[in-house]
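Each chain carries a letter (A, B, C, D and E) given by its place in the written order, and its residues are counted from 1.
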Amino acid sequence: MLDVRGLKKVYEGRQRQVEAVRDLTFTIESGDLVCLVGPSGCGKTTLLKCMSGLLAPTAGEVRLDGVPVTGPPPGMAVVFQEYGRSLFPWMNVRDNVELPLKQKKVAKAERRRLVDEALAAVGLADAHTAYPWQLSGGMQQRVAIARAVAYQPKVLLMDEPFAAVDAQTRADLEDLIRDLWRKLGVTVLFVTHDIDEAVYLGQKVIILSSSPTVVREQLTIDLPDERDQLHTRALPRFTELRGHVYEQIQAAKRGAGTVDEAVCAAEGADDKAVVGS
Amino acid sequence: MTNVTHAGTGATGPGAVPPAGGTAARRGPRTALLGLAGLAGLLLVIEVLPHTGLVSARYLPPTSRIMVALVEQLGEAEFWSALGDTLVAWAIGLAVAVVAGIVVGVLIGAVPVLRSVTSSTIEFLRPIPSVALIPLAVLLYGTEIQSTLLLVVYASFWQVLVQVLYGVQDVDPVADETARSYGLGTWARIRHVMWPTALPYVMTGVRLAASVALVLAITAQLVIGSPGLGALISRALASNAVPAMYALVVVTGMLGVAINLIARATERRVLSWHSSVRGEVIA
Amino acid sequence: ACGGGSSDDEASSGGVTAVKVGVIPIVDVAPIYLGKEKGFFATRGINLTMESGQGGAAIVPGVVSGQFQFGFSNVTSLMVAQSKGVPIKAVANGVASTGKTGADFGGVVVKANSPIKNAKDLAGKKVAVNTQKNIGDTTVRESVRKAGGDPSGITFVEMPFAQMPAAVDKGQVDAAWVVEPSLSVAKDAGARVVAWNYVDAAPDLTVAVYFTSTKLAQENPDMVKKFSEAMAESLSYANAHPDEVRAVLKTYTDIDQVILDQMTLPMWPTDINRASIEQLAKLGQADGVFTKAPDLNQLLPQS
Amino acid sequence: MTGVVKRVGYAVGLPAVLFAAWWVSTANSDNFYVPPLRTILETFGQLWTLEKLQADVWPSLWRLAVGYAIACLVGVALGVLVGSSRTVRATLEPVLEFFRAVPPPVLVPVIMLFAGIDHTMKIVVIAVGSLWPVLLNTVEGVRAVDEVLSDTCRSYGLTGVARLRHLVLRAASPQIVAGMRQALSIAIILMVISEMTAASNGLGYTIVEAQRSFAIPEMWSGILLLGLLGFLLSMVFRFVENRALAWYHGLRRAQRGS
Amino acid sequence: MLDVRGLKKVYEGRQRQVEAVRDLTFTIESGDLVCLVGPSGCGKTTLLKCMSGLLAPTAGEVRLDGVPVTGPPPGMAVVFQEYGRSLFPWMNVRDNVELPLKQKKVAKAERRRLVDEALAAVGLADAHTAYPWQLSGGMQQRVAIARAVAYQPKVLLMDEPFAAVDAQTRADLEDLIRDLWRKLGVTVLFVTHDIDEAVYLGQKVIILSSSPTVVREQLTIDLPDERDQLHTRALPRFTELRGHVYEQIQAAKRGAGTVDEAVCAAEGADDKAVVGS
């Protein structure tokens, strides 16, 4: 239902012309939970922006349920990588989360409930009246997540949403997303740099090459649907998949020719390092 | 100017879906054409207005009549020397006001105590109209250019100063802290952090001041009678030469448009990094 | 310098004294331009430059501070200044009414279809003048008074002469006191003159004069004398050569040729009409223009 | 408590010094146009009685209020329009710049043609003249709305009025306020200019009239009053600003390290 | 040499008064590499700002070489959590990195070399002329790191500096920091949420409790000084230490009483989950 076809994006600067994404083609089925990984700067954010209709691609197109995306489609929520800047500094936490719901014309009582629940779920039940700039980085990021969650979107795009939270909170939030996905059947595209996270969360992991960016692999995660932090991560298949993804990303980076000495030194034995860790 | 919270740093992508086709180079002529269309619209309205009976052509002549008067003016040496006088007064006055405004503004911005000490005085002096200073100006300098300058500088100084003060206040604390933590001293921080942050405000201030300076240069000439376009307007008024008067007004308006063009071009150059400008160049 | 004891050394060179005169670029000051053209000033060792200002706001302080040596101003303004203690002195006649009803250079106009037929009807109306508490409103009041009306109910509104024809035409004011060339413009647009206020105020009213600062008058009487003489010559020349006046007007005003040909020129007698000024002073005092009676002996030159 | 004392001290300190300097330097002045400050202050007391304030300052003030309000409303509305669309900006900017460069005293006759000579004319003059800082600042503020915030709004379907209300106006508000502040003092100046033509009362009229009738101490006292008025109005303004932009000032303070 | 004594910081808001840090006391020896971990919002950023002299503590003090820190001391470099906002948008990448060096009056040729090396080390050798806002999140973060590295500080404070980069780049950067530390003997304080990272990098790991924040534990990492991604991570002691830190953080979070259901559910078996993953 989310169809990306021959997507290409070139940023035209005055001196610099950057081909952020060369040619991407893939499909996300309705109700899928797909993780997107790839080297830093390979165009993940760019891809997300194109998919959410915020950026016009240079070539190719994105289709949602067969309809070409030209502007932000309704029922889609995005969590931006720059979480700090995506919160309204003139609204307190509660208003920030509530605003899209107001826009959606959700009734007041229902709105209240959704906001309370979402904030509690991300562990910010007592920060309603604070302004975003009174919060720590991780708390800000969680407000942005709460906003997306409360919105009850049909499609949820998240750009490294857990980058700034601690390991425990991260695990909680991962479970929150999987819960949401299973209960509400929302379609999720999740960008992350954490390979464990990608494998633990996704039904499918899309691995991008480094620039000029194409899809390097679409990996189906054949782990049981019922996952939990404890058991799933202990499965041998988990370790295997994770090793595979790590290898692919390394290969991707190497392919790009921006490898420096440190990388080369560690190269030979990387798979093992990953598996062993 | 800057986006409020986050003084416009590191964004990844232009905010809007750009319209089809258009690098800066291609957009230039389009902008110019639209601008001309706007001006043409204005001229058309003025041409038509007297024919509607809303006003008499005797008091607001149609564009065509004004243009005839304008061409007559253009043929006179007196006009050109007046234009020169006005431009000289404008340029000197503006330069003095801008430099003084920036220096004082940055100084006050950099030293918090100064801000508290001067704010009441600034608020007191600012609303005093330059026109009230006319007797003083004449007393000091007669109809010499200095009279005009005094009024021009007084009026446009505040425009720059206030903008600079607001701009200086808008420095992104994270950027400033970064600079501080790297041991950038006061002067280096003023130069590398405060100044670039305030620059968009300064540009607005300069654009405001540029037209205020023009307005004041002409008003001063109008009232005091020092040579320049204002004196010509005053003469046309006293002679009831309505088309000539409007022709001169058109000239001042056109000066304003030209000044803005220059200011915009400068802005595109110095502020290419700013989110208000880069969205238009890149994309 | 010329032997005349010029104290202003920097202003004089090679027997020529540089003199700046603050004038308003209107019909009234044609003689000084004409006089300069004819060389009446140059022959007396005066190198004349005219600085144009918009009324007393700029000219009086300029003269007082010595930026201008002489200035041109209407008599009422000068009397006000004198009564407030501004150190000035009149040195030459400026301009005077023609004294002829129906053919003066200033009058009160109304719209063609206005119910106002004469000065008496102005009572209780809204009348435009260029400056309040000045020569305009005092003389208009006198016109109304003379016509048997009650001037106390008139509302005076200030606006520049140039805007008056339009204001009358659009009915924004009931009447307006205008002088040339706006008078002709108004008449051209169909306005009627209902009162000749200068004529009504006093016979051959002196409207404006040239003046200097008392300081200069004391320190450099010689230069003042020369200026007065040159002025007198210019005035009588202008009076005798109306065609040349119309011609010189083209050099420093933008008056339309049509208007220029049809407008009424004022009178430029050589002498100040003291009686008319006393009358003006009386009118002004009655209307509360002065807080203290002006000392005309101080203000006007001994004749 | 000490904070208040300090603030008052700051507010009064420099003016007190300047006034003292003025007092001393003009104490023996015999220049007709620069009377001793003592004379001016005496005149001030005599001239600005309650009655006179009511007759002359009140009408000025309400014309100022109406004109200024119009300038703010129109400035913000037009600014948002011009700032949000490149096409509109390209089309309108030259025309706006044209009018901006025309001196108000020259504009008065034209405005008189359409707005008559009564209050309307003066209000229009004030509005037209003080519009520009608001307009320009709004345009710049709207153009510089943070891209990430803007994207956030778009992706949550916040468009049209909601976007305007929650994003554009709020994000641009610090700058709009800067413009309004500029406009306030310009509006006061234009109040004086508008009363130079076709007025028979008002603070500006009083000053101009005093100047013309050589009542120089009265003129200076009027200018003083004008300055005081400007000061008071800016105090009111700051009060309102501190409320409306509480988030902004809080943000700055917090980030600076309270 | 970096002494934190009884540090307390309370943010005074109009309605909200937040005690970000209650009482912290610890010492970092000259030439130490210390990692700081703790739950999201526990006050790590606050602590760093106090230590760098950017924020005045409410009580207690920070001493550098015995001298109380009241403003940013010379020779200290900070990498901020809000990397995006700490780069100057009006300068290109190169100028951003070069500016502190200019300020330090480093000679031109030397400056050139340092900047080139630093940018190459973070894998941005070809982005010199780009402006920060033309870069991806991870690239921006690397510019901020390059700036700190090029500065050759005596003390380096880093606030989650690798949050936005991919796994491979992260590993490279970790090695870069250790290299730097060993070669130049710089004192490093490193905030991270990645427990593996903390253990791999640090000589010592300081674990903070959640709010009201105190030091929960100071753990000496008794791994060999010579570390590499492959072998060190495979050591049993590494796994042990890591498990220990994870446990401590979880306990810290639990103690704070902001635990929600998801957390409780996973609690019982957490150690195992960590070790097994």
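We take it that a residue touches a chain if its C-beta (ideal position, glycine included) is under 8 Å from a C-beta of that chain, and two chains touch if they have at least 3 such contacts.
Keep in mind the model is a prediction, meaning the values are calculated, not measured.
Q: Across the interfaces B-C and A-D, which one involves more C-beta pairs in contact?
A: B-C
Q: Farthest from subunit E by Cα centre, which chain is it? Let me know.
A: C
Q: Which chain's mean C-alpha position is the greatest distance from subunit A's?
A: Looking at centroid distances, C is the chain farthest away.
Q: Roughly how many whole angstrom separate the Cα centroids of subunit D and subunit E?
A: 49
Q: Roughly how many whole angstrom separate the Cα centroids of subunit B and subunit D?
A: 17
Q: In whole angstrom, what separates the CA-based centres of subunit A and subunit E?
A: Those two chain centres are 24 Å apart.
Q: Give the residues of subunit B touching no fewer than two other chains, as numbers and ranges.
A: Residues 4-6, 8, 10-15, 59, 135, 139, 174, 222-223, 237, 245, 274-275, 282 of subunit B touch two or more partner chains.
Q: Which parts of subunit A, given as residue numbers and ranges, touch two or more other chains?
A: Answer for subunit A, listing residues that touch two or more other chains: 11, 13, 45-46, 49, 53-54, 71, 81-82, 84-85, 89-90, 133-134.
Q: Could you check subunit D for residues that touch two or more other chains and list them?
A: Only 33, 109, 113, 146, 148-149, 151, 171, 173, 196, 211, 248, 250-251, 254-255, 257 qualify.
Q: Can you tell me which positions in subunit C touch subunit D when the two form their complex?
A: Contact set of subunit C toward subunit D: 55-57, 60-61, 64-65, 77, 80-81, 84-87, 128, 131-134, 155-160, 162-163, 166-167, 170, 172-173, 289.
Q: For subunit B, which residues count as touching subunit E in their complex?
A: Per the touch definition, subunit B meets subunit E at residues 6-12, 172, 174-175, 177-178, 180-185, 188, 192-193, 196, 199, 273-275, 278, 282.
Q: Across the complex, what residues on subunit A touch subunit D?
A: Within the complex, subunit A contacts subunit D at residues 49, 52-54, 71-72, 74, 76-78, 80, 82, 85-86, 88-91, 99-100, 102-104, 131, 133-134, 147, 151.
Q: In the complex formed with subunit D, which residues of subunit B make contact?
A: For subunit B paired with subunit D, touching residues are 1-6, 8, 11, 13-16, 30-31, 34-39, 41-42, 54-55, 59-60, 116-121, 123-132, 135-136, 139, 155, 158-159, 162-163, 166, 169-170, 173-174, 200-201, 204, 207-208, 211, 214-216, 218-219, 222-223, 230, 233, 237, 245, 249, 252-257, 259-260, 274-276, 279-280.
Q: In their complex, what parts of subunit E are in touch with subunit A?
A: 11, 13, 15-16, 18, 37-46, 81-82, 84-85, 120-121, 123, 125-126, 129-130, 134-139, 142, 160, 163-172, 175-176, 179, 193-196, 228-231, 233-234, 246, 249-250, 253, 258, 260, 262-263, 265-266, 269-270, 272-273, 276-277
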